[in-house]
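Look at the two complexes coming up: chain A is in both, with chain B in one and chain C in the other.
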Partner chain A sequence: MPKLSTLFRLGVFLVLLAFLLQPQWFEPLLRPLVQANAPVIYNQGSLLQLTLLHLRTVAIAVSAAAMVALALAILVTRESGAEFLPLSRSLVNIGQTFPPVAVLALAVPIFGFGEKPTLIALFLYGLLPIFENALTGLTTLPPSVMEAARGAGMTGGQRLLKVELPLAMPVILAGIRLSVVISLATATIGSTVAAKTLGEVIIAGLQSNNLAFVVQGGLIVATLAVLLHDGLQAAERKLAARMGR
Partner chain B sequence: MRQLRFDKLGAIIAALALGGAFIAPFATFRANRIVAGEAKTIVESLPQPWSAAVLLVILVGVLVAAMRSPAILRLVAAFAALAVLALGIGVAASHLTPEGNTYARVSPASGFWVMLFAFGLLAADALTRLRPAPFMRIVVLVAVLAFVGMLLLSGTWDGLSILREYASRVDTFWAEARKHVTLALGSLVAATIVGIPLGILCHRVARLRDGLLGVLNAIQTIPSIALFGILIAPLGWIAANVPGAATIGIRGIGVAPAFVALFLYSLLPVVANTVVGLAGVPRDANDAARGIGMTDWQRLVGIEFPLAFPVILTGIRIVLVQNIGLATIAALIGGGGFGVFVFQGVGQTAMDLVLLGAVPTVVLAFAAAIVLDAVIEMATPNTRQAEAA
Partner chain C sequence: MIEIKNITKRYGETAVVDDVSLTIAPRTVTVVVGTSGSGKTTLLRMINRLVEPTSGTIRLDGEDNRSLPGYELRRRIGYAIQGHGLFPHRTVAQNIATVPTLLGWERARIDAKVDELLQLFQLDPADFGPRFPHELSGGQQQRVGVARALAAEPKVLLMDEPFGALDPIIRAKAQDDLLAIQKHFETTVILVTHDMEEAFQLADRIAVMDKGKVVQYATPAEMLIKPATPFVESLIGVSERPYRLLAIEPVLSAVEPGSADGTAISSTLSQREALAELLWSGRSALPVADPAGAIIGKVSLEGLAKRAAGPV
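Showing the complex of A and B:
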């Protein structure tokens, strides 16, 4: 029997879907937020299309970030890369003090306007939490397990694939979840550099003083973020349970 | 062959620095603010003997980086190279700009940034290896900031385009700076005043803990621009309908929604860390306190809170760095701050203006992180420090 909270999330998802497919159904709810003749539902593009573009940007950036971050984390936790480990730790700390907006704005002169600087900023910023968590996961494995794997005659590659990565996976996934949530938010700001994301709706609302636009854009992004966060967390738990942890 | 061993990381840094010095351009010259620029190499952009001196210091830095050398030597070489780069770009600006021309713009080009990054890496690596005590880290930070301040005051950088942008908006710059700091710090103070008692309450009442932390977690996942936007509606309503609200500055657009949003984001780290900190107080300490007849309140103030303090401070550090970054977004809803320059610059494709907003934000966040990290380390008793390491 599904839990009440799961049913609640399913309900939220259905409402979101309904809003994206048939926004005019919700017009009466948003009507009080605008002046008499102003449009209530965003009219310069389809909300569904913007949502899909938003999600696509996040998906591309985060999957690239996950691959690179994981590769780097594996590299610096091998013996041959040990020289880089202390520095990479401090770099992650330094990198996280950079505000996402600054990263985004600084990517513009190099990559021009549009989707590219947004993808680059999301990629760079998304690297950090995944890398940090992968490092934590790969450096805090129980020594007894590593010892046993060595004793069983596993090679370095086998140990990595069959012991280290599976054991570190829950922590790595938590990093990816964090990265997804941050990217969803940062992609919104991407609209200030002309990327096609849901931020466009919010910014159009702020510029034309149309509160209904701001609220519908904001609510869609917020709902997406909360649903994705919870969904990924549930997936992590399932995985952890399957591995008997 | 023991003397001549290469350092892996150092070799990468050396390659980057050499590429930055000899392949990529050092400075960009533009006839005015928005036209495309001409790239200039180090030799082209600096008068003799400056170019020779800059190249010499960089080459020495490259050698020190590539070879295995003591960390302190690497640090000195890195700081020397960084200082020479900082001085050099200022000299390049005044050298390249024709006498009396106020339209021309000189800005650092890719080679400069690559070298800055390379030697910054070298400095970071050396500092990581040296593991300076918390107090020393603050001293280094202050020294670096003093050097930058000196360059700014002496006018060495006045010819640079970012300072040209600054010169034409001195008053707004400091007004926005004040707003930025007020937003970031004010919301932090409010969140601390509200968050710590909430955390203590959550520690004592388990049922409240799960509910409240759940809600605060959900708020944290809402993208900033969305939360800022959503808050416009209720605050606008309050301003219109609650007598007196508008006169104390509550408005739908502007500082109020930005402040409330930052406050809401700040609550989770403060409350969660208070709970974690209190939960980590050793049972023995509490039992001993009870044994000598301390009341609940005495125990909280005398035992639990001091022991939990470093963890709470960690929460405050997270909030401060996060708030300094997020406050840039406030500009989108008319809340001011350094974001004003960032978004104006993006709108006008004026990169220097973007930098004028982004650089102080990054410096502020960076300095706040270093200072608070040092304070946390100083506040942490040695036994726990050993545990954490």
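Showing the complex of A and C:
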């Protein structure tokens, strides 16, 4: 029998799906938020399409950030790369001290309007949590396990693939999860530089003083964040439980 | 045969292993003892090159241990450590299969070896093979750690305080099992411990280390009768000497002709156990039975007392 929490998540997902496919069903709920005659459901594009584009932007940015951050973390935790540890830490930290709006503002003159500056901002923002967590995961492995891996005659590459990464995976996944949630929220700002994301809905609402638009845009983003957060966390728990943690 | 020649390891100015030479006969158990920080672990780790020596050579069956890459050398040498170091994300069977898998053995051969070892260590393969390490008791984890070290049938097994984390009863059993398995596979075992009792229990030869040097390398009996330095003497424990001397020899070599009353003692027990039995039963002599149960003579307090006496 599935747990109550699982059923609840499934319910939330179905409601979200229904809202994206048949938004007019929810019109009566949102009606009180707008003045008479104003549109209740976003009418300048498909909510479903915007949601998919929003998710695509996040997926591309986080995948790229995960690959780069993980590669960096692996590099600086090797014996030969240890001297780069402080440098890479500060590089990634700089990415984080820039507010996303500033990154967008700087990126637009270089890359023009659209998805590119948004992707770059999200990418930079996604790096730090993944890098930090990967670093934590790879540097806090049980010493006796690492000793046994060397003692058994594993090469450096074999230790990385067969022991270090699998053992660090729950912590690395936690970093990716943080990065996904941050990116989901930050991507809405991308609409200010004409990226196609759910931010459009919120901005349209703000411009035409339409509270229903703001609420529906915000709720979709929030629900996506909660569902993805939960799903990834469940995966982490499952991995960690297998190792008896 | 393992020949350690003038091996030295320096960290900065200090030599943590200082010009050590030992020759270890095949199919024997050598125990390295010494206080904490005396360089035991470093010496052991230079044999499988987890630590590279500053100078000196180590030969295994005549071959310099630097003649092949470190990881290949280590696949040929078993290595078991304190706290077992089992891979927590792999099952017991996968853990044991580690080195055979690295060596590219066929699946069927690996499976057969895993089953054989689990049975040898009294763990039911069907029950324990699929478990994860955290689903085992401490004693079972330790056995799996040793099974993993033996999986590729190494001629040499290095053990660094392998029983350090076990409680006394499980520890005694693990020591007995190790000796049985060492005989079964005819492995050359080098074991590091700081526990003198364990050393006397297991060793064919004992190497005592003090501040990076081997101060005595001898059989347990030699070491008892002629400790090389006051340090060795204190390590043995002056008040323990007569009992350790009796513990090394079986009752069989203390049997005297004649008969005695009371329950017979097995000739395979140690003389220390016979002494305990005599004292506890309040008798001055007890009959001795061979493994088949036939009475072959007696063992007496007086006889044991003579054997427990040190050189005059």
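Keep in mind that, in the parts below, the second predicted complex is superposed on the first by the 235 of 245 C-alpha atoms of A that agree within 3 Å, B and C clash if a C-alpha of one lies under 4 Å from a C-alpha of the other, contacts with A are read in each partner's own complex, and residues count from 1 in each chain.
Rule of thumb we're sticking to: a contact is a pair of C-beta atoms (placed from the backbone, for glycine too) under 8 Å apart; a residue touches a chain by one contact, two chains touch by 3 or more.
Remember, it's a predicted structure, so these values are computed and weren't measured experimentally.
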Partner chain(s) touched by A:Leu29 [first = chain B, second = chain C, both, neither]: neither
Partner chain in contact with A:Leu75 - chain B first, chain C second, else both or neither: neither
Contacts of A:Pro166 with chain B and chain C, given as first, second, both or neither: second
When both partners are placed on the shared chain, which of chain B and chain C touches more of chain A: B
First, second, both or neither for A:Leu206, with chain B first and chain C second: first
Contacts of A:Leu14 with chain B and chain C, given as first, second, both or neither: neither
Which superposed partner A:Arg242 touches (first chain B, second chain C, both, neither): second
Touching residues (chain side chain C, partner chain A) in the complex: 48, 50, 71-76, 79, 81-89, 98-99, 102, 132-135, 145, 148
In the complex, chain A residues that touch chain C: 142, 144-145, 147-155, 158, 163, 166-167, 242-245
Of all residues in chain A, those that touch chain B in their complex: 33, 83-84, 86-87, 89-91, 93-94, 96-102, 105-106, 108-109, 113, 181, 184-186, 188-189, 192-193, 199, 202-203, 205-206, 211, 214-215, 217-219, 221-222, 225-226, 229
Residue numbers on chain B that touch chain A, as the complex places them: 7-9, 121, 124-125, 127-129, 218, 221-227, 229-230, 232-233, 236, 252, 321, 324-326, 328-329, 332-333, 339, 342-343, 345-346, 349, 351, 354-355, 357-358, 361-362, 365-366, 368-369
